[in-house]
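I've put the structures underneath this note.
There are two complexes below, and they share chain A, which is joined by chain B in the first and by chain C in the second.
And now, the complex of A and B:
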C-alpha cells in the first residue's frame, strides 16, 4: 500500500488551507451553501463506497440521509442533546439500519436491489409522517432545530462555526474512507464488484462484506444527513422525497464512480446546478438540469474525477518527450 | 357651459396644483427612509416558488406575479420606484427553501419576502425570518399558524385560514340547519386538525350534540371507503369533508354510491372541478358546498365584470403563456395587488419596520377581484387579511355562490 505521494499530500494540504480560508472571504449565505456541499460530499462518499467500489446500486440513500437528519433533530429537540453529540449517534443508527436492511436486500442482485432500495426511498416520507411516530417526528410539520452558536473564544459567526464543524467531520470521514478503501476491505469490495465468484473463491466472505459495505455506506450518508439538518435547522418529510435519493446517485455518477475526490465534484454539482438551471429558465428548470446532465455524461463519461485523471495523464504523457 | 363655473374650476385646479406642489415639496423635505433592498429607484422583493418538483403546478403564481410587477413598472412603478421581484425555485423542498431565502435575505438583500409558497417550506424559514426581522408577507398557504403577531411579528399569511374556513361552515350550519347531525372526515395531520378546530370552535357548545361521528384517514391510505361507511352508519345527515383532492374525489363518489347522500360540505382544498369533481363524477357532486373568497374566472356571472376584463387584458398582454382558466393565475394577480397596496402605503418610508407596520394596517381595503362586499383588514394584533368568504353550491357544471358574505371574527 503506497501512501499518498508527496505531490498529492501537498495538494491536499493546500486544499485544506483554502477550505479553512474560504469562510472568511465569502458571505454567510455562501458559507451556508459550502456547508451543505461538505455534507453532501460525505453522503456521496458513502454512496460511492456502495455503488462505485462495491457495484451495488442504491436508489434509496435519501432514506438514510433522512434517518440521520431525523435522528439528529429528535435527539436535539426532544432529548436536549448537544448538536455535536448527534453526529456519531446518527451515523451509528444508520449503520445498524443499513446493515439490517442490507442483510435481506443483498440477496437481490443489480436491478432488483436498485428497486428494493428505491422502494425504501419512496416510502420514507410516508413513514416519517406516520401517526405512530408523529410524537417524535412532528408529523408532516417536521421539527425545527435550534442553530448552534459558535463557542465564544472563536469569534466566529454561527454559519462559519458550522462550516468548520462540518469540515472537521469531512476530514475524519475522508481519512477513514481513504484507509478503508485502500486496504484489505477496499480490495475485497472491488473484487466483489468485478469478479464475485473469484472473490468468493479467494476466501472473501461476500455476503458479510456486502452487508458491511451497505452499513458503512448508510453510516456516512446518515451522518451527512445530520450535518445537513443542523445547517438547515429544519427537517420535514418533504425534505427527503425520492428526488433526494436520485440526486445523490446523480452526484456520485457525475463526480466519478469509485473516486474519493469525485464526492466533492458531485456535491458541488448537485448543490449548484439546480440553482443555475432555475436562473436560465423558470418554465422548465428540470429540462435544463437534464440537458446539463446529459452534456456532462457525454463529455465526461467517467465523471468529473475521471475526466481530470485522464486529462492529467494526457498532459504528463505530452510533457515527457 | 357657464363661464363662471369654468373659472371656478380653473381656480380650484390652480389651488389644487399649488397644494400638490407644496405637498410634494413637503414629502421631499421629509427625507425618504430606506431599509435593505429599497432605494429611490427600486424596491426589491423576494419569493420562493415550486417551479420544479411535485407542486410545480403552482409555479404559475410566481410567473403571473412577475408579469404583474412588470406591468406596474411599465406604468411608472409604485411611488416612482420600480419593483424587482426576485423569484427563485425551491422545488417544494424545505432545505432548498432555506437556502434560497437565505440568498434573498443575505445576498440579494430584499426588502421583504412575498408569497413564499407551501406550508412545509414556510415552516422551514419561519424562525429564520423572524430572527432576521425580514417581513415575510402574504404567504401562499392556509395554515392558521401564520397569524401569530405575538410570537412571530414578521410573518403574515394571506389565504383564508383553515380555521376560518371551518368556522364559516359551522356558522352556516348553526343558522340554517341547527338540527344537523354532522359526520366529519378529516386528514390526520395539521391541516386536517386545523380545519376541524375551526368547525368545533364555530359550533361552540353545540358541537358535542351536533357532531355525531368523526373519522380520520392517513395520506398514505389507499382508500377511505370504510370511513365513509362508518360515518354513514352513524345516521348523520351532514358530511363535513376535510380531505385533499384524491380523497375528496373518493369521498364524493362513495358518499353518493353508498346511498348515503348527505349534505356534503367539501373543504376548499378539494373544491377543484377539474381534479376532484370530474374524476368523481359531476352528477354525484350536485349540491355539494364549499367556500370561496375571490371571483372565479370560469364562472359565467363574472364574464363581463370590469375587474375580470381588466385581468383578462393583463393576461393577454403580459402573461400570454399563462392559462387563463387556471385559478392560480387569478389568485397570484390578486395577492400581488395587495402587496402593491402595502408598498403604496409605505410611501417614502421603505424600512422593513414600516413595511410590516403597513402590512398590519390594511383598513377596509377592497379589491375588485374579491367577492362583492369583501374587504381586507389587518391590525397590529390581527394578521389575518382574509376573514370573509361566501358559500357556493355545485350545480353539476359549476360552483354557484349563494347566501351572503360571511365573516369570522376569531380565527
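And now, the complex of A and C:
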C-alpha cells in the first residue's frame, strides 16, 4: 500500500492484532456489542463518503441500513440462503436503491437534500409495515433470524465467530474505501464538494460521480445493516426509525468528517454513549446525550479524528523548539 | 360526497396546524437559512408549559398569553446561548446541535411531565358553530387563529421599522450592520418569534392529538412538506402549502388507508423537489459564478 507510511502501517497492524485478541478477554455480551460497533463503523464509513467527502447531507441513511437488514433477513428466512451470502446481496440491493434515489437527489443541494432524505428516513418504518409487503417483511412483527454457528474447527462461540466474521468484512470494506478515496474517484468526490463548477470544468462527470457516491454509500450502509441484523438476530420496522438515521449522522460528525479512522470513533460513540447517559440519569438519558452532543460540538467541531489530528500537530510543534 | 366534503374541511383544520409550524420553520429559515429540526419539540415543550399553567388554575387565555410570551423568551435565549457559539461553524455542526436540542426537549418533557398521554382542553365550545355538521368549532377556531397569526406577521414585517430591520438583516447582514442594525439581535428575535408561533401551533394541535412528548413528530414532517410545497422562503406560500398538505393527508387517509400517511409526506417532498425545487411561491436562487 503506497502512501501509507511505516508508522501508520505498524499502528494499523497493532490495532488489528488487538481487535483479534479482544473477543477472548471480554464476555459474550461485550463481544456482541463490539460486533455492533464494527457494523456501525462500516455504515458510518459509507455515510462519511457521501457527507464528508462528497458534501451531500443525508438524514435518511437509516433507511438503507433497514433495507440491508431486511434483505438479509428475508434471504435467510424465506429463501434459506446461508448468512455469509446475504452480505454481498444486501450491499448490491442497496447500491441499486441508493443509485436510483441519488438520481433525483442530484438536483438538490444541502438543506433540500437533507429534507428529502429525512422524509425517506421517517417514512421507512411505515413502508416496511405496509400490508402489501407483509408476506415478506412480516409486518410490524418483523423477522427472526437464526444465529449462525461457528464452524467446528474454530472452537469459537457464536458471538465470537460473528465478531470475526464482521471484522473480516470491516477489513475488506476499509481497504476498498481507502483505495477508492485516495484515488481518482476520491479526488473527484472532494473536488465536487469544494468546487462543483471547477470540478466540472476539469472534466469530472459530476452527476455520475454524485449518484455513484450515493450508491456506494448506500452499499456500505446496507451491508452494515445486514451484518447488524445477523448479530441482533431480529429485524422489526420500529428499530429502523428516524433516530437511527440521526444517530448515523451524529456518528459521522462526532467521529470526524472526511476521515476514515473517524468511522471507528463515531461507532464507539453511538454504541456506548447512550448506555453511559443511561447510567448517569435513569430519568432523562436522552437529555444527557443531547448535552454531551452539544459539548462535543463546542469543543471539537471537527470531530474526534480532527481533534486528534490537531492535538498531534500541536505536540509535534512543541517537541521541536 | 358528504364524506368527501367533511374530509376536506377536517383536512383544512389539520392543515392549519401544519401551516403554523411551517410558518415557524420559514421564519427561522428566512433569518438564518437553517431549518430548525427542534421546532416541533420546542412547540411541544411550550404546550406542556400551558398545560402546567392550566393545572395550576390559570384561565385559558391567561395561560395562552403567558405560554406564548415564555416561548418567545425561550427562543431568544436558545439563540443567544446555544446557537450563537456555533453560528459560523459548518452547517453539519449546527444540524447536530439542532438534533441535540430535539432529544433534550423530548427527554426533559418526558422526565418532568411523564410520558403518559394527557388530554388538553380546547378554548372553543364543544358544539359546532353555526349549527353546521361538517366542522367542529375547534377546527374552525384553530384555523382562524392560524390566519390571524399570519396576518399579524404580515403586518409586522411589512409595516413596522423592526420588521423591516429583521428582513434587512436576513437579506444582507453585512450592509445591515453598516446602517446600524444589530444583526445578532435580529436573529435572536427571529428565533423568539418562531418559538412563539410554534407554541400557538402546539396549543392548537394538542386537543386533537393529545399531549405527549412525541406529539409533534408527524406534524413536523408535514410542516416540512408544506413549507417546501409553498416555497421555503415565502411565509404566505408556507401557510398555503400547509393547508394543501393537510387536505391531501386527510383525503389519502380516508380513501387509501392511514398506514401510508407519512409516506405521502415523502412523496410530496420528493415530488416538489424534483419538479419545482423552489416551491409554488419561492424565489429561484440564481448564483453568480
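By our rule, the second predicted complex is superposed on the first by the 319 of 321 C-alpha atoms of A that agree within 3 Å, B and C clash if a C-alpha of one lies under 4 Å from a C-alpha of the other, contacts with A are read in each partner's own complex, and residues count from 1 in each chain.
Keep this in mind: a residue touches a chain if its C-beta (ideal position, glycine included) is under 8 Å from a C-beta of that chain, and two chains touch if they have at least 3 such contacts.
Keep in mind it's a predicted model, so treat the numbers as computed, not measured.
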item: Touching partner for A:76 - first (chain B), second (chain C), both, neither; value: neither
item: Chain B versus chain C as contact partner of A:270, first or second or both or neither; value: neither
item: Partner chain in contact with A:250 - chain B first, chain C second, else both or neither; value: second
item: First, second, both or neither for A:131, with chain B first and chain C second; value: both
item: Partner chain(s) touched by A:36 [first = chain B, second = chain C, both, neither]; value: first
item: Partner chain(s) touched by A:236 [first = chain B, second = chain C, both, neither]; value: first
item: Touched partner set for A:116, first chain B, second chain C, both or neither; value: second
item: Which of chain B and chain C A:286 touches, first, second, both or neither; value: both
item: Touching partner for A:298 - first (chain B), second (chain C), both, neither; value: second
item: Common interface residues of chain A - those touching chain B in one complex and chain C in the other; value: 126, 129-131, 283, 285-286, 289
item: Footprint of chain B on chain A - complex, ascending; value: 27-30, 32-33, 36, 126, 129-131, 139-142, 144, 228, 232-234, 236-239, 241, 243-244, 274-275, 277-278, 282-283, 285-286, 289
item: Residues on chain C engaged by chain A in the complex (per definition of touch); value: 33-35, 82, 85-86, 89-93, 95-97, 99-104, 106-108, 110-111, 217, 221, 224-225, 228, 259-263, 265-266, 269-270, 273-274, 277, 289
item: Contacting residues of chain A [partner chain C, same complex]; value: 51, 57, 59, 104, 107-108, 110-112, 114-116, 118-120, 122-123, 126-127, 129-131, 197, 242, 246, 249-250, 253-254, 257, 283-287, 289-291, 293-294, 297-298, 301
item: Touching residues on chain B, where the partner in the complex is chain A; value: 51-54, 59, 62-63, 87-89, 91-96, 98-100, 102-103, 105-107, 119-121, 123-124, 126-128, 188-191, 218-220, 321
